[in-house]
Structure formats: C-alpha cells, structure tokens
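For clarity, chains are labelled A, B, C and D in written order, and residue numbers in each chain start from 1.
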Amino acid sequence: MTEKTFAQAMFDALSISMEQDPTISVFGASSFVLGRGLPPADEKAFIAKYTTRLLDPPVSENVLASVGVGSATAGLRPFINFGTSSFAFEAHNQIVNEAGNARYMSGGQLKVPLVYHMFHGIRGIGGAQHSQSPQSMYANCPGLEVVLPATPADAKGLMRTAIRSDNPTLFITHTKLLATKGEVPDGDYAIPFAKGEVKRAGKDVTIVAMSLMVLEALKAADQLKALGIDAEVVDPRTVVPFDAKVVIDSVKKTGRLVILEEASLVCSVASEIAAIVAEQAFEALKGPIIRVGRPHVPMPYSPSLEAFCTPDAAKLVDAVRKLLKK
Amino acid sequence: MPEIVSREARLSLLERMLLMRRFEEAVIHAAAKHKYIGRNHLYIGHEGTGAAVMAQLKPGDLAHTTHRNHGHIVGRGADPGRALAEIMGREGGLCGGRGGTWHMTDTSVGFQSTSAMVGGSIGLATGGGFACKQLGQGNVSVALFGDGVLDEGISYEAFNFASQYSLPILFMCENNEKPGRRETSMLAADRLLDIPKALKIHTMTVDGGDVEAVHAAVGEALARIRKDQVPVFIESQIEAWPGSHQHKPEFTTGETDISMAWDTGKITGPHADWIRQEPILRYVRKLLAEKAAAQADIEALDKKVQAKMAKARDFAEASPFPQAEGAILGAFA
Amino acid sequence: MPSEKMLTVKDAILEALFEEMARDDRVCIIGEDVGVAGGVFGQTKGLFEKFGEARVVDTPISEPAIFGMTVGAAMAGLRPVVEVMFGDFITLVMDQLVNQAAKIHYMSAGGYTVPLVLRTAVGVGGNLGPQHSQSFHAWVAHVPGLKVVMPQSPADAKGLMKAAIRDNNPVVFIEDRTTYNVKGPIPDGDVIVPLGKANVVREGRDVTIVAVSRMVQIATKAADILAGEGIAVEIVDPRCIVPLDRETILASVRKTSRALVLDAGHLDYGITGEIAAIISEQAFDYLDAPVARLAAPNVLIPCNTALEPLIVPNEQQIAQKIREMLNA
Amino acid sequence: MARAKAVKSQKAVPNKAAGSPLALYRTMATIRAFEETVQRLFLGGHIPGLVHLYMGQEAVAAGVIAELAQTDFIGSHHRGHGHCVAKGGDLDKLFAELLGKRAGYGLGRGGSMHIFDPANGNLGTTGIVGGSVPLAAGAALTAKLRKTGQVAVSFFGDGVLNQGIMFEAMNMAAIWQLPVLFVCENNGFGEFTSIDDVTAGKDIADRGKAFAIPSEHVDGMDVLAVQKAARTAVARARDGKGPSFLICSTWRFSGHHVGDKQDYKEDAETKAWRKRDPIAQLARKLVAKKQATQKQLDAIADEAKSAVTKAAEAARKLESPTPADLMEHLYAE
C-alpha cells in the first residue's frame, strides 16, 4: 500500500495497461495526463515512452468517438478522453448509436473494447455548461458500461477492469477527486464491475453515494455519529452493471435509505436506485426513500448560488435527521 | 495500374456484379412473401462500384458501410444465404437475426460494421484506418457511403482527421444524385470533391456505370493508399435505380434479363433508359463486343449465380426465427 | 352539443400545425423532408403548398446545425417547429439542446426566450432496429430548462401541440409512431391542452397505473381484462413528463394505495424510476404494496419480427403484474 | 427552402460614428482596459472560475462590429468579452456578471462564458467550441425569412475549424444565401494545441471556398483592414448575396486562460506578435497621418481606463444573488 492521489492512481492503471498491451492508444492524452498533479518527471518519461500511442486529436468530438469504435472493432483498445463531460454531448450519437450497438447488432461478432473518460460534476464555477453529470443518460442506453469511482484505490482497480473490458465503458471521474489521497495497493490488481462496497458500516440508515458524493457521505456520517445516528455508507461504484444486492442488503439491515446524488434528480441514478429498492425491499422500509440532489436548474455561476445548489454533507445530514426525526 | 486483362478476371468481376443483383432480387421476392423484413435500400444499379472495390480488397482489409449495404457484403464474399437470413431476421443470419438489413456484419470477410445512421460509417472507417496504421500490417480501411453523408459534419471531421494523421483509408462515395430530381443531399459545394480537397485529400471521379473504369480508379487509389499511407476520396457517379426510394421493394425495372444485353428489343417500358445504361448489361455488351466472352458464357455464368442464390434462398427460408429469450443476450461481451 | 370530428393522431397534430401557422406567421417548420415531400411519415403534408418555402424549410441532413440554427432563429424572433426525423437522432442534437437551447433563457436572466418545438417520432414496432426505435425522453427530462410532452390520444396530441407552439420555452414533443393511426374525437375550435396537466383517463379504486404515451392504450386493454375479474384500475396519463403533474399522480395513489408505472422506453434509469421514486418518497405511508414498474428491458431494440414484440410490455404482462400486486 | 435567390431586404443602418478611426481606437482601448482589469481582478481572487482574455485580438471585434447596426446579431465564444464590449455592452453589467453579482446580465448566474445582451443583438458567449456558430446562422435565417434586413456575425476560434457543425452551418448558409459572416479568429491555438498539428489542408480559406463562399484572409492585427473586409462582407449580406468567410490572423497575448503559463508557445513568436499590437499599430498610423495626436489618443485611452475602473470598482460592491434568484427564468412565461 502506498498513499497516492486519485490522479496518480488512474495514471498507474494506465501505465500498467499500456505496458502490458501494445494495442492501447490514448486520444486526448495531454489533457488527461498533463497538469493532473503527477510529478513532472513521470509525466515526461511517460510521454517520451509512448509518443506514437498518445494523441491529441482535433476538436472533433463526434468523429473522435467514432474513431474509437472503428479502431476498437478493428483490434485496438482505445482510451478516449473527452475532458469535461459537456463536450461529449457532441458525440452522443456515436457513443449511443455506434459504440453501444455494435456488439449486439453483429450478433456478437464485433467487440468494442474501448474506454471513454470524462469529468462530471460541479467542479467549481464551471457554470451551466461545465458542471454536468450525465451518467444516468449513458446508463439509460443498453450496451454501455458506466463506472463512477470515488477513491484512489477504486479508481486504479476499476480502470484496469474498464480497459480490459470488451465493452464500451464510460469511465466518469470528478475533477475535485483528482487531488484527493488514499491508500492504493501496489502492483497490478483489478476491481470487478457490479461489486459495490460498504465504505462505512452502520445500523440506523443507509446512505448510497457514488463518485465525489461518497466523500461527502462519509463526512456526513461523522457528523451524524455525533448526533447519535449510526449511518452506513454504500458505494455501488458502477452504475451499469449495478450491484443492487449490496444496497438492498444494507437497507434490509437499516430499514432506511437516503441517496446522495450530484446530478439533477429528475431521471437520475438516484431515482433508479430508489425505484429498485422501493420495489425489492419494500417490506424492510421503515420510512420513505429520500433523494438529495441538485435542484433542476442549469448550474449557476455565482458562487453563492453554486454553493446553494451543490449537494453536500450538510444537506445530507439535514435529510437524514428529518427522516429519523432527530 | 491494374487494367483488367485476363478473361477470368473480367468474368469474375461480372459474376460478382450478378451475385449482387440476383441477391437483391431475392430480397424483393422475400419482401413480397413475408410481412416484415425491414426497410431495404437496394443496391441495384450500384454494382459497378461495389464489385470493383470488393474485388480488390485483400484479406485483413476492413470495410464499413451504410444502410445500402447488401451488395457490399455479398460482393465481399459473405455467404448470401446467411446474409438473406439476416435480412429476414432468422437465427441463421450473419448476426443471428439481430441486425437485419441495416446492421449486417461479417467479420470473417473483414466487414466491420454497417450503420443506419447517415454518417455512421465514415467515422468508424476512420477509426479502422487508424487501427490499420497502428497495427502496421499494411491493411487499409474502406468507407462506403452515399452523397448525403457530405451533409453531415462528421464527414468533415473524418476527412480532417484522416488527412492530418495520414491514415490508409479509401473514402468511396457512391453518388447517386440525379440531376433534375429533388436533391438527395443539399450541398452548396458545386462538386463533392471540393470538400475533401479543401482538407488536402487526393480525389478522383469515376463513371460508376463502367465497372472497369471504377476498377482502375480503385486500383490506383489502393496502391497509393498502401504505399503512402494516405487517404484517397473517390466519387463514383451512379445513375440511381428508379425504384431505390421505395420502402417496400418492387421489381420497378423488372427482373434482370441478361439477354437484353444482346437482344435490345426486349428493353421497353417507362424505365427503358435506365435499363439501357445499367452497369451489368453495359458490361456484358462490352465483353461481347471485345470478344472476351460469348453469349453462352454469360448465360452459363448467370445460371451459376442463380443456382447459388436459389440455395441461399432455401437456406434463409428454412432458418428459424431466434428464440425469444435471445433478445436479452449479447449486448455485453 | 358541438359536433366532434374523428382524426388520427398524425392528422390531429397536422391540424394543429395548420391552425397555428395560420394564426401566427412567426411559426415555421424546419427539417429534413418536411417541405416538398410532406414528411417521411406524411406528418407535414400540405403545409408546404399552403405556407410556401419561406415557412416550411427543407434542410440538408445536418441535424446538429439544423437544430442549432433553430435555436438562433427562435432567439431572433421566429417560433420554429423543428423536426428531428427519428427520436434516435436526438443524440445528434444533444449538444445544442443541452448546452444551448435549455440554458439560454436562464443564463440570460430572461433576456432571450427560445420558443421552439423539437418534434420527433419514436416507437418500437415496424422492425426499424436499434438506431431507429429508441426514445430518449429520460435524457431530455434530466435536462433542466426543457419541457417534454408525450401525447397519446388525437385530442391531446392536437391540444398539446398548440400549447407547445405557444409556449415560450424549448419543448421536446415526442410522438409515438405506433399511435399515429389511432383515431379519436377532436373537439371543435381552438382547444389548448395545457402543458403539465395530467389526465385521469379511467377511474378505479384498486390500483393506479401511471402510463406514459402509448402505454395508456395498452394499459386500457389490461384494465378491460381486469375489469372482468372485478379489479378496478385507475389510469393516469401524465401527458407531459416535464413539467410532471405530481399532484394528480399522488392523489390517485393515495386513493388506491398501489401503483404500477409503465413506459415503452428502457426501464433502467428511465422515467419509470423517476415516477416510482416520487411515489415512494411522497406517498410512502399510503402504499400497501411496492411501486411496480414495467418498461422495455435493458437491451438494444432488435428489428427482428420474433424479438421486437418482447420489448414493450403487453396487456397480459400488465394484467398479471397487477394480479400479483393485489395478491401480495 | 430551395436553393437561394438573392432577395434584397430593407437596410439596417450601421452607426457611422462607430466606424471612424478614433472610434475604433476607443473601442479597442476600452476592450484592452477591460481585459487588463479582469486579469487583475482574477489574479486578486475576485473572479471565480476561468476567464479567457481577448487581449491582442481587439482589432477583430472592433473592426467587424463597427460595420454592424445595433440590431444586427453577433454570436460570440468563450473568449468573448471583446465582442460584448464592442457590441455596446454595458460595462457595469459586464463586470457584475463576471464577478457573479446579481446586477449582471444573467443575474450573475452565467459568468464569463454565458453573457447575453439581447438589446444589442448579442446572442451570447458560450463554453462550447463552435456553440454559437449555428445560433448566428439561425438568427440570419430569421432575418432572411422575416425580411428584417439584419445581418449576423459568427465569431469563432480556429479550434472550431475542425467541428463538423461549422461545416454544416456554412453549407446551409451557402445554399440559402443567409446574411451571415463567419469570422474565424485564428490565433494559432485551440486551447493548448497548435492549429498546425490538428488542421489539415494548406489553406483554411479552402474550407469556405468549397461551398462557394467568398473567403479571404485578413490581417487581424490591423483594425482598418478588418473593417474594410467586414464592410464588403456586410454589404454583400445585406444585398441578399449570402455569407462570407473572413479568416483574421491574430494572437492571444495572455494564453488560453488567465494563469496559463504558455509553455507551448515560443517566446520569440509572442514577442514578434506583440510588436504588431493592434492598438499601438493604429496609434502609429493615426499619428503619422496626422489624424490624431498622441495626446488625443492618450486621453481616449485614459477615459476608457477610468470608465472601466469605475465600473469594476462599482461591481465589486454589488450584492450576490440569493437563493431566491435560483429558479428565476428557468422557464419563460
């Protein structure tokens, strides 16, 4: 184990993968690697080592997404970095109608081993266009895998799985996570998809969160502890495929569920989780399922409004206290 | 560059064209017989282009195509029975009946993908070209698409990408826009070629009704692509089949009668002009005129193709529909 | 009594377009094949002849720019109805829809309005396969700033289209092709169906079905089957999923204590999850059974004749689900 | 709408006074002072988020917009403060918006990349590469269909050259002969990537020429040259003769955004460009031609500076929006 930042852990996974597999090419390499808190010497060595496999393509997101599919079906394992998720909207057609469809429509002849990486979330004054969390949209489309890691160790292990996966995988991270630190296992390891993790055990209420919201949920759990509420924090880690069991098992134990979601709640990942639990763990529920998310507005720029809109530990604590009437 | 000289090569080219044609005729028959076989965009009239391209691709080369794909797939060597079964949604189809006419794939002959999105194939082919270059085995990627694709922004992005990264790609545009008819594409450019040219891609134009002319152009292009690792754009000008816009395919110009090549008196009806210039009859006339083949040779060749298609039809008709639970399998590897 | 005429959904919408274009010369139609051709489904037939090429604009196949231009045109004073031929092609205009159309009124603090209708046809059925059968209503619902209309009856379709055209916001108007030939009575005159007002299409005491778009018609068949077994089903048609008339839905569930949510789109991360979550949160104490959902399975939509019918829940499955809910 | 015919529309009258050399100088000096102040405020921690400065490119906004009437439209981009100022934007409101204050154009909810000024025909700055290109074309479509005589200008950076949507918009503007100017501000870099690394073809102008759009290169550091080219293009648009494409070569003096260290740019190159500073260049010309004295020019610059400083100081004291402002304007009535 070594303490590393989230960015370093992702970079580790990429390095190991590229070392092992010569068919991996990175598109949008500069913005993925540079300025993400890596030691400059590591950055330089990495770039020098893989000159022909690191590309900085034109600002043509649409064709880039498509080039990914075309080269993946032809035998490469492309890793495509869109940067901010708002830019990927220009490529939605290719992601959904080509990447997600190819394997099924070919009756299994084709495989699409490709990773689309993007940053989601309220990064801090990203304004309306650069604060978006589109994960539920991708999850709504069959054929795409959607991963939302929260910790450095998860980022490394899940990224190894994403790169090895023969399916198109949306690897969605949060800019605010890049500098966060955590213990990361040394060497090569992979964390399977559809395997959620209880990040903190508790008995009074289940809090489900993913990505940056896991950190807020853990903060909230600390604060709730002081109020005598013992919260369990569950991180499903992947949206598609989804580990419903880890959530339902927890709810069966605690009888209460609060979901912390960074996106707008309408048709969000939180809504789907709420619906699943409401249907499959109805008998265990002692109170309504509460969703805490951002209001249904474009993210405002002004810091006062942004703070008001951002789901965080404080809003979660309020919601839990209200639910438990404490 | 590869002028076709040998008689065998010329007859083989004709056979490929005939197979493409007889295949589409089988589709029309199937459409009349079965309620749903999807919305087919037939390849009739395009054979001169598809055959010339497919005849010259090597093993390992990749092809990406569009909704008007039947000719490409069988022309490249996919089993016509399995292709027809796919169109009819049967388990024995190339994709197990999941893809249908718009999504036929056969990776065993380098057929990567068929996309029913206008502009779908051009980006995928660019990715294929990138893979060919990275993998370094000397293969090329071919994008086959219609003129409407030039309306889509992704085609510019793809040309720019291919040009900038020097990718081995043949952009094969089958332009069947008919002067005087409502434009199938609405392009301000006077000539399609001006667009790839603006992005520094070598361009060529060819008469798509003349299979040997297309063959020569494609041969030259492929040689250049393989040698210099650059993209080339070819516009093949095609006289659109008068029936090609129908969702329910019909024998608008009749079932092909190969003897019309020498017995021109048989050509009648509202579409006589189209039939007179269609690429198969035109090629047969040329072969006969140049004494590369006799009428009997041509008839024998056609019989051979028809027998092959009869078998293909039997296979497709006999193939069952997939089991219902099959619908939920296969989305993920 | 006013005389009521019968029209199909397709013709009812077309009638709304004729009336609105005659009423307001800023209303225009933009899209591929909408003019001379009259629409690939005949859904704009006759408009070109009546209103001319300046108001019925045929475009190249350039969805992203067509839609972006429509946004600019709306900002500059037109009230365009832009057609995106298949619902699947929403993916092509997502950037301009999400990053421009939905945000401009808000970000300009009301300085600009974007009064446009994005009209698109969806629908499983017709063997069109996975790139021509999808519906992205959950996507657009997820985007703040858009309104989302999903009609199913001819009268609603007409009245909602008129409301959508008169609305000063970008409205995504999602028509299900499988309802196009459904006939129904159309009230005379200029009748508007307001956006955001659900309709209880059938009253019942035992269970609430919230059915989106075409599912109302399938749910009605299921309700007929169940009526023969003594089960009274209430069917709520939200008509718009944004704004969603939560009150009508919740009032019904509070009455029946049971809810089944139906959609022809994908189950996973779709609109049924949203509606089920709202009910589970806000009517929790009234529920006698878990909120159930039926929608398309999480798979691509095959064009295959044998497989395609498995995608959209049918009346038998719905009836069976309700029997299970009542026996639980 | 079928392919275009030239329809002359009624004239909108540009503000002649705005186009005088001294007025151009004032506009540029105001933009420069504005951006210097923004930079200072940003480095002092008073402006949240990222800001992209227009310093170095002032001649483009000033020269083009001088040829427009107040009712004409512009579509801007992420480096858009210069366009907002030149189009007549209110300095108080602009600073308020940048500082996230309630009195801003968008209640402080939009910030640098979302400034809309409908009273002056400003369709907005945007955070999406190429985002406003179709908006301007759409406004031009409205102008044409409603015969209002307005013209629209789309400003975009060289990064947009590889976005398919730009080609789509150009194509439509050409087929319909829309009154729109496509103004590419070529500063050599898209974000942090050199244009040469990602843009194919030997001449950007070919991209417009492929659609038969009059396309020309303009020295974007020479405001008089920009103005002259814009005048011709605007006249063409108003006469119903369709779009134009101007490529203005220029340089961003302050990198991609404030704080960008510009490691990827060569010092010598930047120095050479700085010598061609558009404001100093115009000053030299005016003094040499005795159209103004240095003293006069200094006075103009000082006035601009103090107006800007006053607005900025006032904005800092303004109130932030409150949660009550959050949902306002989500939907129009």
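Rule of thumb we're sticking to: a residue touches a chain if its C-beta (ideal position, glycine included) is under 8 Å from a C-beta of that chain, and two chains touch if they have at least 3 such contacts.
In this text, all values refer to a predicted model and were calculated from it rather than measured experimentally.
Hopping across touching chains, the smallest step count from chain C to chain D is 1.
Among the remaining chains, those touching chain A and also chain D are B, C. The chain pair with more C-beta contacts between its two chains, of B-D and A-B, is A-B. Between the Cα centres of chain B and chain D there is a gap of 47 Å.
With centres defined as mean CA coordinates, chain C is found 38 Å away from chain B. We define each chain's centre as the mean of its Cα atoms; on that basis chain A and chain C are separated by 30 Å.
Annotation for chain B: residues 97-99, 103, 115, 117, 120, 151-154, 157, 160, 164, 186-187, 331 touch two or more other chains. For chain D, the set of residues touching two or more other chains reads 106-107, 109-110, 114, 126-128, 162-165, 168, 171-172, 175, 197-199, 330. Along chain A, residues 57-58, 60, 62-63, 86, 90, 93, 97, 101, 104-105, 127-129, 142-143, 295-298 each make contact with two or more other chains.
Taken together, the touching pairs cover every possible pairing of the chains. Of all residues in chain D, those touching chain A in their complex are 48-50, 100-102, 106-111, 113-114, 126-130, 159-160, 162-165, 190-193, 197-199, 320-323, 325-327, 330.
Touching chain B in their complex are the following residues of chain D: 3, 162-168, 170-172, 174-175, 197-202, 206-207, 209-213.
By the touch criterion given at the top, residues 36-37, 58-65, 88-89, 126-132, 297-300, 302-307, 310-311 of chain C touch chain B in their complex. Of all the residues in chain A, the ones that touch chain B in their complex are 23, 25, 52-53, 55, 57-58, 60, 62-76, 78, 93-94, 97-98, 101-113, 142-143, 145, 165-167.
Residues 35-39, 89, 97-103, 115-120, 148-149, 151-153, 182, 185-187, 321-322, 324, 326-328, 331 of chain B touch chain C in their complex.
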